[in-house]
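Note that the chains take the letters A, B, C and D in the order they are written out, and that residue 1 is the start of every chain.
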Amino acid sequence: MMKKVTALCLLLTLTASLCGGCAGSVATSSGTSAESTGTSTTQSSPGSEQKTAAGGIIKLGAVLPLSGASAESGIACQQGLELAVAEINQNGGIEMNGDTYQLKLYCEDDGGSPDQSVSVATKLIEMDEVSVVYSSCLSSCALAIMDICDQYPDVLFTTIECTSDNFSTIIAQNTERYVNFYKPYYNSSDYGAAFGELIADLSEKGVIDFTNKTVAYIVEDTDAGRSCVKACEAALEKFCGGSTTVAAEVVTQGSTDFYSQINKFKALNPDVVMTFFVPLNSGVAYTKQVDEIGSDWVDIAFVYPLKAGFVEQTGAACEGLFWLPMQVDFWNNEECAAFADKVYEMFPNAGLNAMHLSSYLGVYMVSDAITQAGTNNARDGLAKTYGAMDYQTINGRYVFKEDHTAIASPEHLVISAAQVQNGEYKVVWPANFAYAEPVAQK
Amino acid sequence: MNLSYWIEMIMSGVVTGTCYAMIGAGLSLIWGTLKMVNLAHGEYYMLGSYFLWTLLTVGNMPLIPAIIISIVGVVIFAAAVHFAAIRPLLRKPGWNMSPWILTLGLQILLQNLALKIWGELYRNVPYFWNTVFKPWNMFTMSGQRIIILTSTAVIILALMTVIKKTRLGRAIIATSQDGEYAMMMGINIKQIYFITYTISAGLAAVAGILLCPVYSVNPWMGATVQTKGLVVCILGGLGNIEGAIIAGILMGIVESIAVSAIGSEWRDAIAYIFLLGVLYMKPSGLFGKKKGV
Amino acid sequence: MQNIYKLILLRKKQIAFVSAAAALLTLIAMPFVVTKIYYIHVLILCMMFSCITSAWNLIAGYAGVFSFGFQALFGTGAYVSALLSIHFGWSPWITMWMGAAAAMAVGALVAIPSLKLKELPYICIATLCMGEIIRLIASNFPELTRGELGLSQIPKLFQDNIKVKSYYLMLVILVVTLMIVVKIVHSPMGMSLKAMRDSQEASESLGINIAGTKIRIYMVGAFIAGFTGAFYAHYMNILTPTSVLGTALMTQYVAMCLIGGIGTIAGPILGSFTITASLELLRKLEDYRLIIYALLIIVTIIFLRDGIWGTFKSLIIARAEKHQNRNIKKETIV
Amino acid sequence: MLKVDSVNAFYGDVQTLFDVSMEIRENEIVTILGSNGAGKTTLIKTICNLLPIRSGSIYYKEERIDKVPPYKRVDLGMSLVPEGRRLFPDMSVMDNLLLGAYSLRDKKQIQENLEWVISLFPWLSERSKQSAGTLSGGEQQMCAIARGLMIRPQLVIFDEPSLGLAPVIVDQIFETLSKITRENNSTILLIEQNAQTALEISDRGYVLENGHVVLEGSSDTLLGSPEIQKSYLGL
């Protein structure tokens, strides 16, 4: 009895202190909230500028899956953002209307679930009063956040490496509603196109045998995965005069047991097997298991080979593997290699991948836009400026289409394909970027 | 669809099944004696693999000692958990949901601790025995899979002999059948609770260690396996260890056939439907005793 | 002191009523106190969870049917309502009811195995499987549900995004839910439920139609869950299978229920508010958040195994009764 | 040998034993009579500490045992043959017997006891592989008794051994009981409804009613007493 009483008291005090701690924050923030809600309407006047960027600070918020199955991507993004912010602040912050501001980054975890990402975005905007929200690297979460962007016209929303086509379609339908939402990345349909062209090119070169035009897919059960299959089929229709999909296997994200699928494929005997995984382990497992069971098809991988440690973990098994998109060439592009070193310098055991760079560049794009626009308020022109930007980076040019999606093309963001040749990545497509000849797999 | 195809299918099913079997057997054992469902069971599986990974890569130890140490480590951890958290809840006669929710909390805790300690990256353990066999050119068999199958078989046999033949085994069965009178036979059931809990944690750890080279290591690897483990130990008849083991293998095979016949996205659905079908025909599971509890 | 206890014992009902009224008033007043939409949002979530957990508690805590497939009902309500309003352009105000009805139907379906199965874990796992199957169906028909990409662009209940309106709507739903729950618990049906929970055989011998009662209670719970789900769909405007049909949701309900105190009316609500709020408040702790959250759960369960409210209640009552007995003894002595 | 001293026991809030006191001396057979719900089984549970007592004390060979955990009883040479033949149904007869000797670690000892028990119930030897659940009622009871004797206990407590058995078997069983006292000079506490047979073999007896000891004395006096004749022997 007594024990219970004490326990109850203990718990009550605990919760009380918790609530107390937050009540404090409530008090403070609701104090400021009054004025900020007051100002948010009259923000257009330059006087209120100082208020939102008070104390020479501009606040950036990020909604990321820092826990759960997608944490790998989420944490990569967080590291990229932190790196960029640290760098910018070291170099004296960013310039806006003559005076310089320091950047402050708020990263929040949404566990990869859309409803939480909405809560978190609301929190960032309402409580931390951020002026830019990096709205997730998962399309589903980004779509959820996209839905509230018109409620906060003063805030700029920009995604990190979301590939779903839906953004384009939705935005195209109603551009002025999503005037402050941007997706600085290409669509999965662009992936697909690249896939189609690559196959066409390789079979033309006689590197692969695509006579039966049979394709099998293993993709993970995410929007990106599923829509990628559609995109690839469409592209093959376009560039190879059609194809037959002998099997389209959808596995849960992060799954690592592909024996059954591989055996199935052996019986179906496709020309090409396309695999799309974001987590590295799925890719490694698949590659090892194919090598183990043995196959006579051509493997074309999406996304995962770029993750750090793929070659190390698969060893000889990945030799000759074709993969795309080679979003960043950390191996043969000096600048990108230098960037990789910077990441490792700040996060020694980071799992380097393209998300680091995309998020890193995301910060620079936004800060440039702020400098150009002379405001950190989306409605006062930040959104417009950001959308109109033509941003030259170490990894291609970011230019937004009218559907607020970055253009994918040889002169903008290149989707190049690479092959593993003696344990090294070599770009083999498109021709004008290739510095190695594709060779037959196995 | 020739013979070798089916052999391959069955083989891959069996390999997956062994994992389910070990987890399921552990859960079944715990259910039998402690009359609780351990929702943190998958996390012991996860810990097992992580310990091995750490010892191999960070501590760069030789394989065998690494394996032994990691199993022992998990067992010790489980023992600590048992004393700290589980035992206080078992004091009350009769059981309710509170042990479940406790283990649920444990699950969240361990997953996020793992994330904190080992990071978000998916870790990968090299194959123990990196060769490939082609018996009669019928099907391929990697050394790792042979190791998995043989050692699982050995462990399961050992477990069964312990349960069936030894004094301890009799005590465990007695406790699970009638705790009160087991005590009157001179059995210290608290001790039995403790032993069964640690044994099943050990089983989970072994499963994790054997399979982590094939499936790689991450903080969330336990959750999915555990759900299947639960399904399996219900399918085999709750508290029936042989049942759980057979059901595990069976479930693995069913899944891999489901993949080949229908498609991966329906794999789990088929597994669940299979269970429901069995329960519909035999409400106490495949090998469950008909008891109106 | 003793008088207080006496009061508690004699005036149980009144006290409950007064405190409930006070709670309601505070909830009504909330939007005027907190200006931040974020807090309104969190409160809406708290109330939403209170509804679902109360419904689950009705089934698990009172009828003793531990369904682990309950999230499926929530999800069904959400998806049906959303799909109808999207594809047929019907007003959410109508489709919400349809969603709830659909959930009810599914509920009846999920209830059936729990009648055949006797042992608790069998029920849990069987219902869990059903829930998972429904989830897989939702995620494997992308043409219809857009799968994991998420069903976005769901029509809103209030075209002007004024959260306070949703807040009050949710409050109404919560109040109605609680009225239903209280009504059932204090009705003869409630009695038979408790009898069922405590001993199947006994209640059978008492001539309670177990199957009928279970299915009915399950459908009531399903309706509440479905309606809440539908509200959620039109409030959040995005659905993904994992977020509204995933087992994580289920474990959250269970946690809330047991932390609050299962088998009590106030327990689930308390639990929902505590957990939802603390999860949001713990954000300060960044990546230690979930660890602390888990520790909170563990500590609570170890020390207060009947949950916060359950323990509190039993404590007070026990104390009061002891006092009373003591007084009686005194009287007898004198 | 065993002394129960003004024990009060509760099931939850319901009191089931009201200062019950009784004593069993060396090498005697004591019967406890009582109708259903008189508290016979509760009494046994308290003696075995399966049900902790509120007040009072229990002594075994002059040492207090009401706080000693149940599983230690066997080491003290005390064994229980449960009511309703609660064998472990899924285990073989042999395993059940071996469980009876769980507390013994000396293989030779176990073997000897096993032989002795089988000498009492010869049929056990050929049925040893059979699972206990499949035995007939009488066999189960005998098996339970055998299990109880596996440690050659000084004190055996029989909880309604004759419950629901054919008279022939009942006689057989009581036959064995008296045999045990003779061969193993052990003390027996016998809980029974079947007053006649029980009292015939026993030296003394107690009568429980609603948790109170209402009558005690030597078997003959009890057999003679009108209450007993009325309420138990139906004369």
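Simple rule for what comes next: a contact is a pair of C-beta atoms (placed from the backbone, for glycine too) under 8 Å apart; a residue touches a chain by one contact, two chains touch by 3 or more.
What you see is a predicted model; the values in this text were computed from it and never measured.
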- Message: Taking touch as defined above, what minimum step count separates chain C and chain D?
- Response: 2
- Chain pair, A-C or A-B, that carries the greater number of C-beta contacts: A-C
- Central chain, going by Cα centroids? B
- Message: Based only on mean CA positions, could you tell me how far chain A sits from chain D in angstrom?
- Response: 74
- Round to the nearest whole Å and give the separation of the Cα centres of chain A and chain B. 36
- CA centroid of chain B to CA centroid of chain D, Å: 42
- Multi-chain touching residues of chain B, meaning two or more other chains, are 112, 115, 265, 268
- Multi-chain contacts in chain C, i.e. residues touching at least two other chains, fall at 139-140, 287, 290
- Message: Could you pull out the residues of chain D that touch at least 2 other chains?
- Response: none
- Item | Touch-based graph of the chains, sorted into line, ring, star, complete or other | other
- Message: What's the complete list of touching chain pairs for this entry?
- Response: A-B, A-C, B-C, B-D
- Task: Show which residues of chain B lie in contact with chain A when the two form their complex.
- Result: 1, 5, 8-9, 11-13, 15-16, 112, 115, 119-122, 124, 127, 132, 140, 142, 214-221, 224, 255-256, 259-260, 263-265, 268
- chain B residues within the chain D interface of the complex: 167, 170-171, 173-174, 177-178, 180-189, 289
- Residue numbers on chain D that touch chain B, as the complex places them: 48, 50, 69-75, 79-80, 82, 86, 88-91, 95, 98-100, 102-103, 147, 151
- Item | chain C partner contacts - residues on chain A that touch it in the complex | 1, 3-5, 7-8, 10-11, 14-15, 18-19, 21-22, 25-26, 29-30, 33-34, 37, 66-67, 107-109, 113-116, 118-119, 122-123, 126-127, 139-140, 143-144, 146-148, 150-151, 164, 166, 170, 221-223, 226-227, 250
- chain C contacts chain B in the complex at 66, 113, 116-119, 121-122, 124-126, 128-130, 132-133, 136-137, 139-140, 247, 251, 254-255, 258-259, 262, 287-288, 290-291, 293-295, 297-298, 301-302, 305-306
